[in-house]
Amino acid sequence: MKVILKFLKKVGFIILSLAVGLILWQAFTTYSDIPSFIFPTPFDVWEKFLSVARDGSLLFHTLVTLQEVLLGLTLGLGAATLTGYLLAKSRTVERVLSPYIVASQSIPIVAIAPLLVIWLGPGIFSKILTSALIVFFPVLVNTIVGIRSVPVELYELMRSLQANHWQRIIKLEIPAALPVFLGGLRIGATLAVIGAVVGEFVGADKGLGFLVNVGRGLYDTSLVFVSVFTLVILALGLYGSVVFLESRLLSWKKRE
Amino acid sequence: MKVILKFLKKVGFIILSLAVGLILWQAFTTYSDIPSFIFPTPFDVWEKFLSVARDGSLLFHTLVTLQEVLLGLTLGLGAATLTGYLLAKSRTVERVLSPYIVASQSIPIVAIAPLLVIWLGPGIFSKILTSALIVFFPVLVNTIVGIRSVPVELYELMRSLQANHWQRIIKLEIPAALPVFLGGLRIGATLAVIGAVVGEFVGADKGLGFLVNVGRGLYDTSLVFVSVFTLVILALGLYGSVVFLESRLLSWKKRE
Amino acid sequence: MNSVNNQQPLLEVKKLGVTYTDEKGSLQAINEISFSVEREQFICVVGPSGSGKSTLIRILSGLLAPTTGAVFLDGSEIKKPRQGVGIVFQKANLMPWRSVLRNITLPLEIKSVPIKEAESKARELIELVGLKGFEDWLPQDLSGGMLQRVAIARSLVQDPELLLLDEPFGALDALTREKMGAELLRIWRARKKTVIMITHDISEAVFLADRVLAISPQPGNLRLDLKVDLERPRHEEDRFTPEFVGLTQQLREAIE
Amino acid sequence: MNSVNNQQPLLEVKKLGVTYTDEKGSLQAINEISFSVEREQFICVVGPSGSGKSTLIRILSGLLAPTTGAVFLDGSEIKKPRQGVGIVFQKANLMPWRSVLRNITLPLEIKSVPIKEAESKARELIELVGLKGFEDWLPQDLSGGMLQRVAIARSLVQDPELLLLDEPFGALDALTREKMGAELLRIWRARKKTVIMITHDISEAVFLADRVLAISPQPGNLRLDLKVDLERPRHEEDRFTPEFVGLTQQLREAIE
Amino acid sequence: SGKTPLQEPSNELTHIRLPMGYIPNVQYAAFYTAVEKGFFAEEGIELEFDYAYETDGVALVGANELQFSIVSGEQVPIARAEGLPVVYVMAWYEKYPIAVISRSELNIQKPEDLAGKRVALPGLFGANYVGFRALLGEANLKESDLTLESVGFNQVEILAAGTSDAVVVYVANEPVQLEAQGYDLNQILVSDYLDLVSNGLLTNETTISENPDLVRRMVSAALKGIQYTVENPEEAYEISKKYVEGLEDADQEVQMGILRASINLYQTDPYGYSHPAAWTNMQEVLMKMDLMKKEINLEEAYTNEFSQ
């Protein structure tokens, strides 16, 4: 009962806060005389949503982007976890690679996304790669921090118990690094969406980023809004999934 | 002496690692038959660098971007710090604002940058705002975490010493939250560069992002590389400044 | 030094009761305790974990308001933290970014005492607690015992009439603990303060105090108010005298 | 139960010396210590901070290799962690994500003992250390004393011949500490192990041990090897007997 | 060296911010020349170039935030169909500037030859897409008769890499670049098959009704610049260097080639006149492409009133 009440309270707050936002938005578009092709009303956007939802195109493009995002996330996650583990374990590897990693983090992905399209073609791979690239850094950093935060005493314990390499990874490092790692994944999940969209912006004929471009090309700002909102919801959904994962895997931390 | 040796060792590693990169690059361009307007050699890029450095245009555009970045960083930092402080202090404010903040974090900035240009015009303001927007989130999160990490016992101490509101902020909260806050600023500093570039991509007639576009328009890929490298160096410079600031302000943490 | 009537006790605790209330329910931590403390007495309070000892200190320091009853200092009711009371917490509770000297001047800075004056007072106390030469050290470089000396110096810097100590030696090992106890007695004799000190350690209480209060747990009740008539100065060997052993056994029975 | 020659001492430390060497220089932690330990003896080691007590335990457990000299267990030299030795660290050193039961089964899991069998052994030990009913609790929900009970149970689960304890009660308060000491004696008597326990607390050492080794600091030297001929079972009141007091004073002098 | 135009500040000059739709480029020589030669100043106009996206410029004109913008022809019917009250008041290009190019060895010479080929274009929007679909329409081909790939503005690289058989490009730009790199190309020009509304000057209904004189002055100055550029391409090229970052250092032959190719697209007679047939064709193509939901009254979309 209490849990349900608490949940309702939380949801209530979100709904309240969204309602306030909607009202402000409606008021803004009503009392300023901005034309709807520059800033549509909530009602315009809702109508557009119904229309693209009904003809199935919204679902289609959403699934395309979702696929890119999930594959990009998987790829970025895998690469970052492996590299992160190596970097956390070896100072030498870290020294050789870290200039590139810090530099790569400061390259605007928008500047290199076209190169990826050239190299990988206009298909899904270039989007997966932009997505993976943008996911890489935060996950990498948190993997390193996570592994380095494993208490030395627990390493000593494992050593004194004569644990082998794999047992150390599975029974100690993974569970101990998980909280920090999942924190990186939270950020990574939303970034993955942004990465896929950047890839789609450069050149694509499907996906929500493409739909944004279509809306812009047709002066259909409502379509732009519907697409952007869908992207936000996608990102929030992924974020929520990670939070859910956290609540499952880190239930031992819940009561902190 | 030891400090100098250590520094040289560190710098040596970076130089070594860059040298390896350069050699690989040169080898790649020599042994593959990619034309230089698609992928230039290190030498092409160096020549282009000398030419734009000599005629002063590189400096001009760099200063433009730097100005946007610094103003954007200041704005984003100011807004994030204030909001973060409020959110850290009030659960209610946090509950009302947090859906928007998480959602805003998942909006691809590339999707809304054009809107900002429409609203704010093609001048420097739209770039400052994209930069500030992208800086906002990580600094906000770290401000909240930083303020929330101030030990309750130190709050009690300040209360028992009858400290007033300002004394609590200045003598306790700021120094205590500083380490985490500066961690956010590290990320924010590199993101600020990316934000300004995204703004410049959408519509600008100066700045390094514009120069990237010019290079692409003229099929002068060396110019694109020079601009991107300059951007990376700018970002690394800002990152380095924050690290330097940390080493100064957090000297009490150095020996940890 | 003090204009109020010196016949009246410094501190009077009258029918003090404390109940904590939060979402989960309420918990009576202290149930009607009354006692009074004469000037320049050294009082120890013993009791098992959860018996409300810390709660009592929080009340006496004005950090917490009583649920029922009242506490009077120099005849006026304590309602919030006030001048003339120094507190030492279980954890030394120093600001890690401030040097030893700066940690000790903190209370004076908050009272806007000129920094020169504050520093000279602090230096006096640093000498008193035996930390001469460590003025500029940071807390992280000090041992546990040294940290507590700093905390004691800080509590004395405003020259309070009443010194409250909540298990100040709880984190120290047995040997250091004994030394710090002797140190505290020396300071108490040099400055002639009224001291109320909480401890888990019955032997320590008897060794230090003029009077020991024993509290029973949940809700805290005053079980025994024991006068310790051992001659001062006391020596480590005294711990093995029959009187000493008798007093400790009396207290042990009272709280079990 | 054990095929080796039972006349030979279980443990022999021969001219053990340890020097730590790192960038900053080298530090001799232990300087030629020799002693041997008979089966089923309860040995305490006392000494001030920095006298190399933890270093000694690390050597005995095989986590650290001696610089000079050697240590023999059952006649064979200890070179790395091995079967038959249980360790309890100062911090309970439990895995926060594992329940009490799971923390105790960990050593068996590492030896690939079937989980059913591991659990039944663990349950036996949980009963022995008095934690029945807490099997599924997480470490964060236990008090300091309970945590150490879990650590002791874990060290016993492989049925080791030799139990090494490095200040196992250092983090506990005086009352809990006394109780845990009695508890440890009870377990020792029930299981008939050989125990080497490090402590700061001279009174605790005398109360528990058959023999107390006193080590002097920097570099660690064996100052006194004191036989404690007090009758068992011992009682709290024994602490005040002249023999007890005499032994503690002898040890106090040895390490000061 | 900032490349913003410097003019004597004067109270009488009307400040106009003009979105150009692309980055500074020698293709805009006509406007740079008009400014440098004082044609705009003569008409009391102070021009500021704005290099924002084309659609942003159109939206701003539609909202009457700005008075003018340079647009590609297809944007006008699309925008009007969405309710933007924009009006095309001056044709700058006569020919639609889109072409499909391919390496000559593939022997793709007419639209029909595209059947079954891999064709790359920046994306399914804008002039490239419209021009390409118009070509397909002329050859009675459907999109499904070939493989269409959206590659962003990377057509040159794609063609060089050979990952596509043909790419859709801007006539005055990519082919010049590629030929300079030594590629032998076949070009299929949209304008050889169909007359479509091309680049021109856009304003809105409010400006026309409230300030027709401003529109007239604007058009007049631009036309003078166009004419002057046609007549003096070398000088126009030199003038452009002041406005176009990097032009000085770029391959002069290539850039001059781009300017010449652009001039080829300019209106010849009379300057600024927009052919009604081009509008009808454009609407037909856009309706077929589903880029317009409803037909519009073309009479309201453009006027030749100011260019005469």
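Each chain carries a letter (A, B, C, D and E) given by its place in the written order, and its residues are counted from 1.
Keep in mind that, in the parts below, a contact is a pair of C-beta atoms (placed from the backbone, for glycine too) under 8 Å apart; a residue touches a chain by one contact, two chains touch by 3 or more.
All of these numbers come straight from a predicted model, not from anything done at the bench.
Counting steps between touching chains, the shortest path from chain C to chain E takes 2.
Touch-path distance (fewest steps) from chain B to chain D is 2. At the far end from chain C, in terms of centres built from Cα atoms, lies E. The busiest chain interface, judged by C-beta pairs in contact, is A-B.
One simple way to say how far apart two chains are is to compare their mean CA positions; for chain A and chain B this gives 20 Å. Chain A and chain C have centres, each the mean of its CA atoms, that are 52 Å apart. Once the centre of each chain is set as its mean CA position, chain B and chain C turn out to be 49 Å apart.
Centre to centre, using the average C-alpha position, chain D and chain E are separated by 85 Å. Contact of a single residue of chain A with at least two other chains is seen at positions 38, 114, 118, 216. Annotation for chain E: residues 53, 59, 153, 157, 161 touch two or more other chains. Within chain D, no positions touching two or more other chains are listed.
Chain pairs that touch one another, listed by label: A-B, A-D, A-E, B-C, B-E, C-D. Of all residues in chain A, those touching chain E in their complex are 34-38, 114, 117-118, 121-123, 202-205, 210, 213-214, 216-221.
Of all residues in chain C, those touching chain B in their complex are 61-63, 80-83, 85, 87, 89, 91, 93, 95-97, 106-107, 109-110, 138, 140-141.
Those residues of chain A that touch chain B in the shared complex are 10, 13-14, 16-18, 20-21, 38, 95-97, 99-100, 102-103, 105-112, 114, 118, 190, 193-194, 197-198, 201, 209, 212, 216, 224, 227-228, 231-232, 234-236, 239. Residues 48-49, 143, 170, 173-176, 200-204, 240, 242, 245 of chain D touch chain C in their complex.
Within the complex, the chain E residues that touch chain A are 53, 55, 58-59, 62-63, 78-79, 82-84, 120, 122-126, 148-154, 157-158, 161, 163, 291.
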